[in-house]
Amino acid sequence: MTDPAVAGLLTPADAEALAAAVLPAGVERFVGGAAGAELTLRANRAAFDRLHLVPRVLSDVSSVSTARALLGTDCALPVAVAPMAYQRAVHPDGELASARAAHDAGVPFTACTFSSTSVEDIAATGAATWFQLYWLRDRGHTEELLKRAEAAGCRAVMLTVDTPRMGRRTADMRGAFTLPDGVSPVHFGPRPDGVPRTVSSGVSAVAAQTADVVDPSLTWADLDWLRAHTHLPLVLKGVLDPADAERAAACGVDALVVSNHGGRQLDGALPALDALPAVARAVAGRCEVLLDSGIRSGTDVLKALALGADGVLLGRPVLWGLAAGGRQGVHRVLHLVREELELALALAGCPDLAAAARLRTVVGPAGEAG
Amino acid sequence: MTDPAVAGLLTPADAEALAAAVLPAGVERFVGGAAGAELTLRANRAAFDRLHLVPRVLSDVSSVSTARALLGTDCALPVAVAPMAYQRAVHPDGELASARAAHDAGVPFTACTFSSTSVEDIAATGAATWFQLYWLRDRGHTEELLKRAEAAGCRAVMLTVDTPRMGRRTADMRGAFTLPDGVSPVHFGPRPDGVPRTVSSGVSAVAAQTADVVDPSLTWADLDWLRAHTHLPLVLKGVLDPADAERAAACGVDALVVSNHGGRQLDGALPALDALPAVARAVAGRCEVLLDSGIRSGTDVLKALALGADGVLLGRPVLWGLAAGGRQGVHRVLHLVREELELALALAGCPDLAAAARLRTVVGPAGEAG
Amino acid sequence: MTDPAVAGLLTPADAEALAAAVLPAGVERFVGGAAGAELTLRANRAAFDRLHLVPRVLSDVSSVSTARALLGTDCALPVAVAPMAYQRAVHPDGELASARAAHDAGVPFTACTFSSTSVEDIAATGAATWFQLYWLRDRGHTEELLKRAEAAGCRAVMLTVDTPRMGRRTADMRGAFTLPDGVSPVHFGPRPDGVPRTVSSGVSAVAAQTADVVDPSLTWADLDWLRAHTHLPLVLKGVLDPADAERAAACGVDALVVSNHGGRQLDGALPALDALPAVARAVAGRCEVLLDSGIRSGTDVLKALALGADGVLLGRPVLWGLAAGGRQGVHRVLHLVREELELALALAGCPDLAAAARLRTVVGPAGEAG
Amino acid sequence: MTDPAVAGLLTPADAEALAAAVLPAGVERFVGGAAGAELTLRANRAAFDRLHLVPRVLSDVSSVSTARALLGTDCALPVAVAPMAYQRAVHPDGELASARAAHDAGVPFTACTFSSTSVEDIAATGAATWFQLYWLRDRGHTEELLKRAEAAGCRAVMLTVDTPRMGRRTADMRGAFTLPDGVSPVHFGPRPDGVPRTVSSGVSAVAAQTADVVDPSLTWADLDWLRAHTHLPLVLKGVLDPADAERAAACGVDALVVSNHGGRQLDGALPALDALPAVARAVAGRCEVLLDSGIRSGTDVLKALALGADGVLLGRPVLWGLAAGGRQGVHRVLHLVREELELALALAGCPDLAAAARLRTVVGPAGEAG
């Protein structure tokens, strides 16, 4: 039976308050917070709020399809669950709950390098699974993770390219955030480099862990190695500059994620939505373009599609749903996104996602609708 | 005798506070609220507030005329009462009070498909009456409504094209809004599809009703059927994209209403005022252009005229006046709009509405005058 | 001896708080308030706040001159006291105090049609006096006022062209503002049309008075009559549209005042500062260009000069100074404006007002420095 | 041992609150306040907050260099401590503490004309020292200061060109700010003109001092005299107009500082960051371009570099660190700026400062991220 609080959620954003009521403060900040003064976190939202859609009328919307293939995977929605580490810190069922809910909703789930549940267990839920890769200092470990992901049936590798180091998340530093007991990066097994260190005040254990294992020397040249070690479609996550997008498309990557990591990396980075049109023009259809950073509703998904995205990754709202009600909570959030997107398509006169890409948009002035 | 509170209203916006004091919370939200996060509701107002008029001087304004014909109906003001459903939920006299006040003020009244008073009773008030049509799943019922509207003496049919489904009005959903006892959509008579259903938490009865009876498959092709079944002038309400406006004008419609349904349909839609100039250019005089969504004063009417509208529809302020004082309250609101418009015309150096269309405007930055 | 509170004023804006402490609420609102929702009142200030000056360096500013002739009158500052009615409502000494302070400060004083002190008494203070004219329904009275102004030694006639009717000042209406006992429009003598009427709630006595005596039929053609009845330089006050400015210059007027009447007439009118550049370009030096509406400091004066004004009129700050300390209060305000302007010129690298006109400006985004 | 409060600072801005807790109110205002209504103070920050960086990806950032030579001095960071007077008012160790911390951090320190510690004592700390010069009415004194600076080993002379008079800092005036006992401008020795005067209410002693000794007649021609009296590299501080920048570059100055003096001179002046691109284009590499006014973090440094600066001067954060913890406090602030800059470079894909200059930027709307 569904928890009445979860059933009572009417928008994905409602889940944030429910999550705040159940999560320890440190975990809540780890989920909801961002880098620096959180300028980019707020700018991401402001970019969505000031973008106006121009609906069309008198097209038959008695049947509205939200379906699309992303990276060769049929999706009920143009949405995948974003890669998010350590989901067992948010709910005991962690990634398994989220992945099952993604499966129920017909959307892909992205398993993380820093997952608190193994990629094999995640894939066993039946969810279409993509694998997020951090470029590890230990190349052998990277190779092993790729093999495990392929063996588990993952359908894509998503290489994060905006995190040579972890961003400066001062709230986590101030609270000396450490993972709760029993939550660990299971892909690092019993190795010492995978055990979150005891940290002193002013340091985030998660940032220290990232610094220990992630290799900041990653360049374009390394993509050849990656191509040689996996046959899976390759996605680059964290591209904002159109020149990088052009180069990625020329290299033959299968998709880009236009993202500023939800404001968690470079505070002051361009809002992802503002970066999207130039990136979409630069790749000119040579690869798929996904977007994350700021999506909170189905209408936000429609705005991303209208600016040239093929789909989006959904992050924090999934974790808020997970905190609020485990698998049911995540499912409710994804269900609401679907309801909102379907309605927004109908109200914008779009029977399908192809029509959404043809909508006009107008950028309104900042602050007008805050 | 006039209620002192009503006589004390000095601006249409004053009526909102009076209405809030007398309406049940659910009805107040149903009237004043909008879809989603109410971004478009606020953006509508912000668009008016940041538009600056450039007055002219030294033209004789000893006599200022606010008169104009709209859709062949002589109007004392370039204003009509917008179609608004279920006005008996706001005041026991409902549509009859509003229509009588419109008649007193010399402006047309738009009777609704979802009216709580019959179109015949409304027209019998003597008000110039237009009939708002939702495209019903039951084509026979649509035909019957058209015949009734014509027989009652309605002077135009206004087809709503922005509501294939009702927008997601979360406040109504959260409160599980249902119509008060004794208020019903009388054009649906005793039929089961016309009776608002008992609804469970998280659902708006009014939205459920809309989904039951409104046909979302309406397209441009259906306008031929409509033309064949009525000789009345045809208005399309809810157009924002200039390409739709161009097509409508080419189809020979008599008027458009540039509208986002007061922010009650697609949250995130372009403010109607921002959409107006491109729509007016697109139709280039081939049909009349009306505007609604955000009008709160006579100066707002002048701003719409300066951007190319022939007239406006006035919505929520009428309902606030109705709540505050029935027929007298609506009359006071319309009287204030007239006083404000006449004064604004004089201060802008415009002896008539034709001069208003030649005023320069300047879009100021957002938030400057909030 | 100077009142310590007056001596402690460090900016003209400081006087507003002092005035609020001594004025009756109705008079304070009459002075500080504006029309409608006061959008234009706030927009006037926002326009100044978002205009950035680009200072020059390394020019000798050991001596800075703020002097300029305006309308043939040598002025210590490029500032005149704006025409403001009924100054005896603000302080018992009324216009005499303000005019003496203007004389002390070396700036012209503008006597009003609706003055509470006669133009002869004002001129007798020795202040350089300009005469503000409302176009009266009684042409003989107009002629008489012009003769009196000339005979009293006034040096210019400033015809107000933005007030065919008084703006809708809802605060005055709500409070049914009437002039204090003993304060009356003395230029109307004992005639009935000059006596402020007892008014009922919802009406401003001052607005009623204006409607009684001001002729809204004034047009360009009437300027010929005016030219024929006075040899004084002619100023048109209240011009915002560049086409009106062009016509005025072509007609040979001596000066324009770019003004929205401090937001007291058409609420929603363009901020005067935003209107200034196009007006200055339109007249192209054929007549002088003054500005009012929003000036609160010497730096504001410099901003107006940098956008093309020859000088400014100072309104509300003078009345605040008058309320705070009579002649001393006004003098302190004018002294502070001079100190601020002289310093701003020095810091901007301008030894004189001609250099100020060559400063670059940059319009910043709204709200940035609010 | 480091003070735990100082060690707990996680951003330079954190030091402001610590400083507020220890400084007398008058000193706190003298440090943190600015001229007039502080429009420019706030606009400086808003300019940084609305500038978005577009990071690059997949460049090897395993090693990030923040080093650069400025004015021939090797610097660990593209940062120098800005000239700030009377540092002994902020902490008993005054300039010695700041200079030692600058030395520890590998950045130059700028000694002031109005220093409370002699340039010789400052230079003896070992810090790379630049000397800030006010153009004194007493030319002999100027010459003597230049000789002392050269003899002490200073490596550059920074002539302040935006202060012919001191700006109108109303908070200091209201509080009749005077220097604490025992703090004096030591370069003026026992001469009467160097002793801060007792001042009456409404006057800042520091402003009076400046008026006494600074010569406002300084022009471009005087640079020849300066060139003839020192062999040190010459920097002009306080340039905002590109025409002044062009002239300075043509004159052969070694560097400019694009600055509005932290909002302490002309209130209403253009934000320094907004002035930077045009100045950088105007000098076109002929001299170095530094920036101050608004820098609060390492990311702000990166934003300045991306818009064309070679380096920045850091002001108030240094004084806040000094107040919070003397030398340790300043060192912590400089350390944090370095950590933030290094991280920002890595996250923006820049292995060095040359790459930073090639970053794209996008100006977002105002207020969006406030």
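Read from first to last, the chains carry the letters A, B, C and D; within each, the first residue is number 1.
Note that in this section a residue touches a chain if its C-beta (ideal position, glycine included) is under 8 Å from a C-beta of that chain, and two chains touch if they have at least 3 such contacts.
Small disclaimer: the values here were computed from a predicted structure and weren't measured.
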Tell me whether chain A and chain D, two copies of the same sequence, contact each other through the same residue numbers or different ones, using over half shared as the line for same.
-> different
Looking at Cα centroids only, farthest away from chain A lies chain C
Chain A and chain B are the same sequence; what rotation (0 to 180°, nearest 5) superposes their CA atoms?
-> 90
State, to the nearest whole Å, the distance from the C-alpha centre of chain A to the C-alpha centre of chain D.
-> 41
Separation of the C-alpha centres, chain B versus chain D, in whole Å, is 59
Among the residues of chain A, which are close enough to touch at least two other chains?
-> 365-367
Residue ranges of chain C in contact with chain B within the complex = 36-37, 39-40, 42-43, 46-47, 50, 161-162, 164-165, 167-168, 170, 173-174, 201-202, 215-220, 222-223, 236, 238-241, 243-244, 260, 265-271, 274-275, 365-367
Chain D contact footprint on chain C (complex, rising order) | 7-8, 10-11, 13, 49, 51-62, 297, 299, 302-303, 339-340, 343-344, 346-348, 360, 362, 364-369
